[in-house]
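What follows is a pair of complexes built around subunit A, which joins subunit B in one and subunit C in the other.
Now for the complex of A and B:
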């Protein structure tokens, strides 16, 4: 049996791949390697943009993701909220996804220190789940109080002091869209940026990034934070260690393993193809 | 002291392990976790949808009927959708769906030309000369891949293939752009695939950090149970 066949037998089994991948994932979490994290220019640009917002600014944050996507999106959201709260900005949270209320409560419980000195209704508000997809997004842009009468906890919106300061898209200095889907970004570009010119910031899963990159290139969004890598960089910038930094070693090592598998897979594939060609009597 | 939070965390750890055990083989614990997930997700979504309807419309209708009377229209339209289960009156469901689709389309169409077409074309028009060599290479790549991609999807007009032994400049240009389009798209799909891996790996890491590592005993018991489930499945299939 040739070396290529032996490699093919070992690496051809998905169990081997899973096992090696699990080891590569878990080992650095138990024994951190400490691979240095460099801050990219794109993350820095987002950080600087928020730093230049006026103190006490108003920010709108859409939380459109399910529990599975927490690990990639929540660290970014927490780091952004910390920076905004440190600047004295006020945030209106909303979700057009049914898991929104659960996601918001998980987000708050993951970062009690960030919300510690902030008063509900004054510094932040959670409107809860607003159904209706793009129509809901358009309606919220026109008037929050015209769309919802009570917040997630049943408080009338006209009794919340923060919502006396803001009501429509033009009242916000920034709208942050944290989403695990592509459509949400489209909705906000179409219903918030295009008609009202509200600056948008995207927080997306890595898999979504290529689909929404055209909006960032066309300057329809001020920037984009993507996955745990951006979260790690942002956590370093705002000075709060979280899930992003914790996962970086594991991310790097597991990607390295996947790269090795891809290279080995290609070598085996081409060698076997060459062997088959030779066996056929070709080999020109 | 065992609290509801601890019980919830243990169940979460069990379910995560059982769901991932499918990567090795289908088993009874995977099926159990799958059914629990589907049932819980469906129940939770229904409860939230009803709560949202109650918060947004029904409460307002009861407390401020003179202000919120118009909410009755979407409620009726929504209820009409349930007529699709009736053989006799199923056509009534179309009114709710039609208005829903019409409102969605109208809202989207008013800004799509600017948001998704004009601004994208503007962004694609990058300068092909300048002093920054890296930017220049990027702009040329962007230009060639955009034109190449469009050429690949040209299904109506083709330059005629020249006869054997003869050459055609237009055809050569067309083929070159066509190939650039193919390779550009392949690079794009490769990037998309790589990003998919990054996301999935990120999910696994975060699930481990949030649900498995803090409740290691539950994780170990979950793994043992999943292994038993896999063995049961293997035995069942071998019979």
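Now for the complex of A and C:
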């Protein structure tokens, strides 16, 4: 058996790959390596934009993601909330996904320090799940109080002091869309940016980012934070080490393992192809 | 049902609403007309929200009916697929009933079913780990494919492979240690070639939506009525 065939048998085995991957994922989580993280110009631009918002600004944040996407999106959301709260900004949270209320409770439990000195109803409000997809997004842009009568916890929206300050899309200095789906970003571009000009910030999964990039390039969104990498960078910028930084080593090593398998796969493929050609007597 | 009820009335409503929406969105007549339109527009949005909520219930019932009919038609062969779907629907109803029950028994705990501790427990300890686990398994599928499928068989595949490697290394902190240029290069790929590729798709979707709107106004589009043209 040739060397190439031996390599093919080892690397071609799913069990070997799975084992190596599991080690590459778990080891850095238990024993962090601490690979330095370079901050990209795009993440820095988002950070600077928020830093330049006036203190006490009003921000709208849509949480549209499921538990599966939590690892990539939640660290981004927490880092952004920290920066906004540190600036004294007030946030209206909403979700047009049915699991939104539970996602919000998980988010709060992941960052108790961020919400610690903030008063519900004054500094932040959670409207809960608003059904209706794009129609709900359009309705919220026109009037929050006209769309929902109570918040997630049953408090009448008229009695919440924050909602006395804001009601429609134009009242917000920034709308942050944290979403695991592509459509949500389209909804906000169509229903918030185009008619009202509300600045949008996208927080997307790495797999979704390419499809919504044209909105960012066309300045329909002020920027975009993408996946774990942006989360780690943003955590560094706001000075709160969280899940983003903690899982960057894991991501780096697992990507590296995949990369090695791709390279070896190509070497094996071309070696076998050349061997086959030789065996045919240098045929076509 | 007569043709008038099942076709003409819905199509007339849709056409009138579409025409009114287009006129008031693009043309300014005067302030009172604009204010009146804003009120109507808000009412229409509210109706859409209510209708969408009810469609979820109708969808659930329709799905259940479809699978029951399929089991009746095909028999045991259909059971693994349809049975699983029905079981999932039953779980969905159980989740909803538990939430509604506790909302009713302990109203002080919250008015929405998702704030009930029992419901939260089901979500946190049943749904959340399952959802995360299923999504995580994707990594192993992709990794398996990396060895066999990501092969530079021709120049186009090679270009795709190089791009993928740059993006992968740009997304990791390890890439920066190998060469600091990976991050700016990843950003360039995302903003320039990627945008150039995706923009026509986005514009195509936009044009498609306009054409769909025109077809709806002219009664050429009838698929939404649930019947073939």
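We take it that the second predicted complex is superposed on the first by the 281 of 284 C-alpha atoms of A that agree within 3 Å, B and C clash if a C-alpha of one lies under 4 Å from a C-alpha of the other, contacts with A are read in each partner's own complex, and residues count from 1 in each chain.
Following the convention adopted for this analysis, contacts are C-beta pairs under 8 Å (C-beta built on N, C-alpha and C of every residue); 3 or more make two chains touch, one makes a residue touch a chain.
This is a predicted model, so every value here is computed, not measured.
Engineer: Let me test your reading of the model: by the given contact rule, A:76 touches which partner, first (subunit B), second (subunit C), both or neither?
Structural biologist: A:76 contacts neither subunit B nor subunit C.
Engineer: Go through the superposed model and pick first if A:133 touches only subunit B, second if only subunit C, both, or neither.
Structural biologist: In the superposition, A:133 contacts both subunit B and subunit C.
Engineer: Who wins on subunit A residues touched, subunit B or subunit C?
Structural biologist: Looking at subunit A, the partner in contact with more of its residues is C.
Engineer: When the two structures are overlaid on chain A, which partner does A:217 contact: first (subunit B), second (subunit C), both, or neither?
Structural biologist: After superposing on A, A:217 lies in contact with both subunit B and subunit C.
Engineer: Which partner does A:247 reach: the first (subunit B), the second (subunit C), both, or neither?
Structural biologist: The first partner, subunit B, only.
Engineer: Scan A:26 for contacts with subunit B and subunit C and give back first, second, both or neither.
Structural biologist: After superposing on A, A:26 lies in contact with subunit B but is clear of subunit C.
Engineer: When the two structures are overlaid on chain A, which partner does A:179 contact: first (subunit B), second (subunit C), both, or neither?
Structural biologist: neither
Engineer: Could you tell me if A:154 is touching subunit B, subunit C, both of them or neither one (first, second, both, neither)?
Structural biologist: both
Engineer: Contacts for A:38 in the overlay, against subunit B (first) and subunit C (second): which applies, first, second, both or neither?
Structural biologist: second
Engineer: For A:194, decide between first (touching subunit B), second (touching subunit C), both and neither.
Structural biologist: The first partner, subunit B, only.
Engineer: Identify the overlap between the subunit B-contacting and the subunit C-contacting residues of subunit A.
Structural biologist: Overlap of subunit B and subunit C footprints on subunit A: residues 14, 18, 68-71, 98-99, 101-102, 128-131, 133, 135, 138, 150, 154, 206, 209-210, 214, 217, 227-229, 251, 254-255, 258.
Engineer: Which residues, counting only subunit C, touch subunit A once they are in their complex?
Structural biologist: 38, 41-42, 45-46, 48-50, 52-53, 56, 110-112, 114-115, 120, 123-124, 127-128, 131-132, 134-136, 139-140, 142-144, 146-148, 150-153, 161, 165, 168-169, 171-177, 180, 183-184, 187, 190-191, 194-195, 198-199, 201-202
Engineer: Quick check: in the complex, which residue numbers of subunit A touch subunit B?
Structural biologist: Touch list, subunit A to subunit B: 14-15, 18, 25-26, 29, 68-72, 98-99, 101-102, 128-131, 133-135, 138, 148-150, 154, 186, 189-191, 193-195, 205-210, 214, 217-220, 227-229, 243, 246-247, 250-251, 254-255, 258.
Engineer: Which part of subunit B faces subunit A closely enough to touch in the complex?
Structural biologist: Going through subunit B, the ones touching subunit A are 23-24, 44-45, 48-49, 51-53, 55-56, 59-60, 64, 68, 103-104, 107-108, 110-112, 114-116, 119-120, 122-123, 188, 191-192, 195-199, 201-210, 213.
Engineer: List the residues on subunit A that touch subunit C in their complex, please.
Structural biologist: Residues 11-12, 14, 17-18, 21, 35-38, 40-42, 66-71, 98-99, 101-102, 105-106, 128-133, 135-136, 138-139, 142-143, 146-147, 150, 152-154, 206, 209-211, 213-214, 216-217, 227-229, 232, 248-249, 251-259, 261-262, 264-266, 269-270.
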